[in-house]
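Both complexes shown next keep subunit A, but they swap its partner, so subunit B is in the first and subunit C is in the second.
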Partner chain A sequence: MSSVDETILSVSNLSIGFETDEGLIPVIEEVSFDLHTGRTLALVGESGCGKSVTAFALLKLLPPFGRIISGSIKFRGQELVDSTESEIQAIRGDRISMIFQEPMSALNPVFTIGSQVAESLLLHRHLDKKMAWQQAVEMLVAVGIPDAAQRAKNYPHQLSGGMRQRVMIAMALSCEPDILIADEPTTALDVTIQAQILDLMHDLQERFGTAILFISHDFGVVSRMADYIAVMYAGKIIERGDAGEILTGARHPYTCALLATTPRIDASVTRLPAISGRVPAPGQRPAGCYFQPRCPNASDHCGEQRPPPVDLSVTHQLICHEVVSE
Partner chain B sequence: MNNVTIVDMQHLCKTFKLKVAGSSGLENRELQAVSDVTLKISKGEILALVGESGCGKTTLGRMLALFYQPTSGTLCIDGQDVIGLKRKQLKPIRRQVQMIFQDPVASLNPRHTVEAILTEPMKIFSLYDSRQRAGKAADLLAAVGLPPSDLKKYPHEFSGGQRQRISIARALVLNPAFIVADEPVSALDVSVQSQILNLMMDLREEFQLTYLFISHDLAVVHHLADRIAVMYLGRIIEVASKHDLFNNPVHPYTKALLRSVPSITPNKQRIGRILQGDPPSPLYPPGGCAFNPRCPHASEICRGSLPALEPTATDPLHLVSCHAKEQLV
Partner chain C sequence: MKGFLLTRGAQALLVILIMSFVIYSLIGLMPGDPIDQMISADPNMTSADATRLRALYGLDLPIHQRYWNWLSAALSGDLGYSRLFAKPVLEVLLPALKNSVMLLGLALFMSICIAIPIGTLAASKPRSVFDYGVNLFAFAGISIPSFWLALMLIILFSVILGVLPAGGIAQSDAGFWESMKYLILPAATLTIASVGGHARYVRAAMLEVLRQDYIRTARAKGAGAMRVVWRHALRNAMIPVVTIMALDFGTLFSGALITETIYSWPGMGKLIFDSVMGNDCNLALIALLFATTLTLVGSLLADICYAWLDPRITLGVSEQ
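So, the complex of A and B:
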């Protein structure tokens, strides 16, 4: 097992486009981030900002019309962008695995949950069937499925939503991956069940030292999970930093607005500050800063030039014309 | 807020008949989705109904919106008993009660223009001539923040937030007194969500509306509600003003629910002390208090008998259904 904080995956200047009738439209633009063992990076943003596309690209699971235009994804020194399908298959589900938002549609309804957890063990660990089943049951115990030996023989429809998400996590972690990508893993769940799943992910990260890429639109959930936060807007990371730097010291106008507009139970406001307008669609992104049409602090040059990167600390960076480093 | 009751529920129940796979083929079973709900909603207030999925909050909302006939109990809307009324007799009451749905895509007919969607309720009630109807539709669009040119567009031309604005405009066409909003913002992004919540607050002033706001999101409810009712497995287990519910929750389930809500402070750690297990299936409810299998305070009496929804000793307006409530206050 690798030591905590070792950089295990490095994404640099990744750009992704979608082929359409109007040509190749950029969806993700020059995204860079690192994942560290035993640490969680949260990618936060509204729908359509490209956070899921970024995650899918790490496993080369882009839709047929998706193209990686430029950039690199280095996993333990190995370049994934130009690796072959079979090289990726050896990594996918073994070293890097993923859990999805909707546990019902991500599980196969006609196989027992035990066999679905055992599948990656058969494939990647080359265990015999009996051993794989046994380990699958142990994994189901680890994720807190009561009476796991019996439950392993159940089909997905016999389980509740929270239990299904536990099974998804068991599947993803069965080969003890280095990286777990969690795409809105608790969005479909009730809040008490969400709390259970978040606590479970904490325990498992501690036990296996997994690096987690946690994708969410919910700052509340993110504050529970993240060591680092990167905020995405219209295909770009517009601000990044340690969780504390973002949650209490955000400087980008979009991050500030997003935090202010989130209703919370520990503060009362008579009126929520709203962000006017909407996220520009890919292909209709404005010149200059993408947030400028909605930005309360925008000045003339924001609409003309791309905003420069600004370093506020070693870890805290953003792109904005109007924020200057002290 | 005045204290005129606009919706009065007494012992309201809704049972669905289902066929369930059992040991000897399909068995007929009854699912009690809503049990014995007694609750009043005052004119002008926002009552939030919170609870986890499957707890019956939508079923209760749909009974109040006159979509479902209650199985038993009484329901008065604006002083009129609606139980047992015929279709024709119900029609004038339907003008008073409208609904806003969760999914703005599924709740607008994709083949109708916005104008057709907004004028249809007026046609059904034979209000105004066609020119006036179009004018009224444009006024309503303006009230929800959309330009009159949008009348000629179809639902697919709008974003999720704009579609929810159209749904809200449609709900206002007949000038209702009472609106059931079933998770109206849970499908929306947070920046759009705040726009819609602000709009709903503005319209409440402008049109003197009363809302039943159904939600699973306690942070949204905290922002918006005057009073909150918590549901668990078909029953109301706690009702209190927003301030009391968030500051002095009594029922162990309400407490667990509040603890589970993540707050926006940097604290990467386990939440801890959270509720374990899943809510029981309403097909096979546990005996006694429905919460007893998950409750840390459960004792013999909780497994044996159902606690009544009663005021706490200190506050006549704070109702709790729990055998141990006096120890938990």
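So, the complex of A and C:
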């Protein structure tokens, strides 16, 4: 097992485009981040800002019209961008696995949950069926499914949403992967179940030393999980830093606005603020800073030039015209 | 399962009873009755004779009474005589039914066996050359009129090549291969006509399934393209396809009139047509009722298939 904090995956200058009738439209622009063993990086942003596309790109599960234009994804020194389909297949579900937003539809309705968890083990560990089933049941126990031996014979529709997400986690972690990509894993669940699932992911991360890429739009959830936070807007990471630096010392106007929209139990606001407007669609991104049309602090030159990177500390960086490092 | 079969069986019996009345009434509405046929056959018959004969056969009664008389006779095992063939109805019907089931069963089986793989492959590579090829082939199959195709096949295989008979059916004592020779051309005609439609259903169902979240999950697990399509997707895609196939199962027993006629294949399609045109009420009634019954059996089989394919569907309430 690798030690905590070792860099296990390194994404640098990753750009992704979608092929359309009008040609290749950039969706993700020059995104860079590292994942460390036993640590959680949260990728935060509104819907449509490219979080999920970035996540799918790591496993090369982009839709058929998606293409990696440039950049590199290095996993344990292996370049994934130009890996072959069979090389990436060996990594998927074994070294890097993924859980999704909708536990309701992410499980195949016609197979038992036991066989679906066992499948990863059959594919990657080449166990015989009986062994794989046994290990699948053990995994179901580990994710807190009561009466797992019997439950394993159930079909997905016989389980609640929270239980199904536990099954997804069991499936994802059955081969003890180095990296878990969690794409809004609690968004479709109600709040008490959310907390349980987050605690479960936390416990399993400590047990297996998994690096987690946690994708969310909800700073409330992110504050419970993240060691590092990267905020995405219109296909770019616009601010990044340690969780504390972002949660209490965010400087990018977008991050600040996003934080202000998070409901807080200790604040006595009657109405939550909202960010007016919407994320510009790929292909319709404005000149200069992409956030400038919605930005309360925007001045004239924001619409003219791309904002420069600003280092606030060794870990805390952002891109903005209006923020200067002290 | 038992409760389900009993309920469905009872429902089916009720539907058959209602259908027997509907078919009986429709035949009763047709112009002409057996006595009219006798009049045209015998110019010396007077209208008094006709009235007497109508009373004798009970044809002057109101339709519900006639239906009741027919039903009580039928339930006691007397299905009546075929006027055209001068034989008891079942003796005429059963050989035709056997011939139709053989011909259409083989055609449906072939069609499914071809449609599932090509439809699936087309869906797994949409817009590929193979996909366009399947589409072209499907539309050609759907658009070619079966009488024309039948004639072309006869010209090619019977006239030019001389390897297969142009029509008819083997003697009852003929061996298996000899019987098959007669079956090949009509079965091929029907298969070509239906395989395109089936392949398109499979392709559409498959495309729908391949967009589902659980397919992405399977890929994220490290399953290869083949495994994703043939294990994770196919079983889900079969659920809508079974419906179409079950409907086709019903048509097995009503025959294929045009194809059977061109190949002189003595099946149900030809029999029903002849009995209706010849005012053979007894035969027409039972032949149509048989087709109804077997259509109901087809939809029952489809329901059982659904439950087998999809664990979310349980038969009846007692399962869990």
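In the analysis below, the second predicted complex is superposed on the first by the 322 of 326 C-alpha atoms of A that agree within 3 Å, B and C clash if a C-alpha of one lies under 4 Å from a C-alpha of the other, contacts with A are read in each partner's own complex, and residues count from 1 in each chain.
To be clear about the criterion, contacts are C-beta pairs under 8 Å (C-beta built on N, C-alpha and C of every residue); 3 or more make two chains touch, one makes a residue touch a chain.
It should be emphasised that the depicted structure is a prediction, and the values quoted were computed from it without experimental measurement.
Engineer: Between subunit B (first) and subunit C (second), which, if any, makes contact with A:V110: first, second, both or neither?
Structural biologist: Touch status of A:V110: second partner only.
Engineer: Quick check on the superposed pair: does A:T84 touch subunit B, subunit C, both, or neither? Answer first, second, both or neither.
Structural biologist: The answer is neither, since A:T84 touches no partner chain.
Engineer: Tell me which partner A:M163 touches in the superposition: subunit B (first), subunit C (second), both or neither.
Structural biologist: In the superposition, A:M163 contacts subunit B only.
Engineer: Quick one: is A:R271 in contact with subunit B, with subunit C, with both, or with neither? Answer first, second, both or neither.
Structural biologist: Touch partner of A:R271: subunit B, not subunit C.
Engineer: After lining up the shared chain so the two structures overlap, which partner does A:A257 touch, if you call subunit B first and subunit C second: first, second, both or neither?
Structural biologist: first
Engineer: Please indicate which partner A:A243 is in contact with in the superposed arrangement: first for subunit B, second for subunit C, both, or neither.
Structural biologist: first
Engineer: List the residues of subunit A that touch subunit B in one complex and subunit C in the other.
Structural biologist: No residue of subunit A touches both subunit B and subunit C.
Engineer: Which residues, counting only subunit A, touch subunit B once they are in their complex?
Structural biologist: Residue positions touching the partner: 40, 46-47, 160-163, 190-196, 198-199, 202-203, 217-221, 223-227, 243-244, 247-248, 257-259, 261-266, 268-269, 271-276, 278-279.
Engineer: Residues of subunit C touching subunit A in their complex?
Structural biologist: So the residues of subunit C in touch with subunit A come to 212-214, 216-225, 232, 235-236, 309-312.
Engineer: Write out the stretch or stretches of subunit A touching subunit C in their complex.
Structural biologist: Per the stated touch rule, the residues are 59, 61, 85-86, 89-94, 97-98, 100, 102, 105-110, 119-120, 123-124, 155, 157, 168, 171.
Engineer: Which of the residues in subunit B come into contact with subunit A in the complex?
Structural biologist: Going through subunit B, the ones touching subunit A are 52-53, 159, 161, 189-195, 197-198, 201, 216-220, 222-224, 246, 256-272, 274-276, 278-279.
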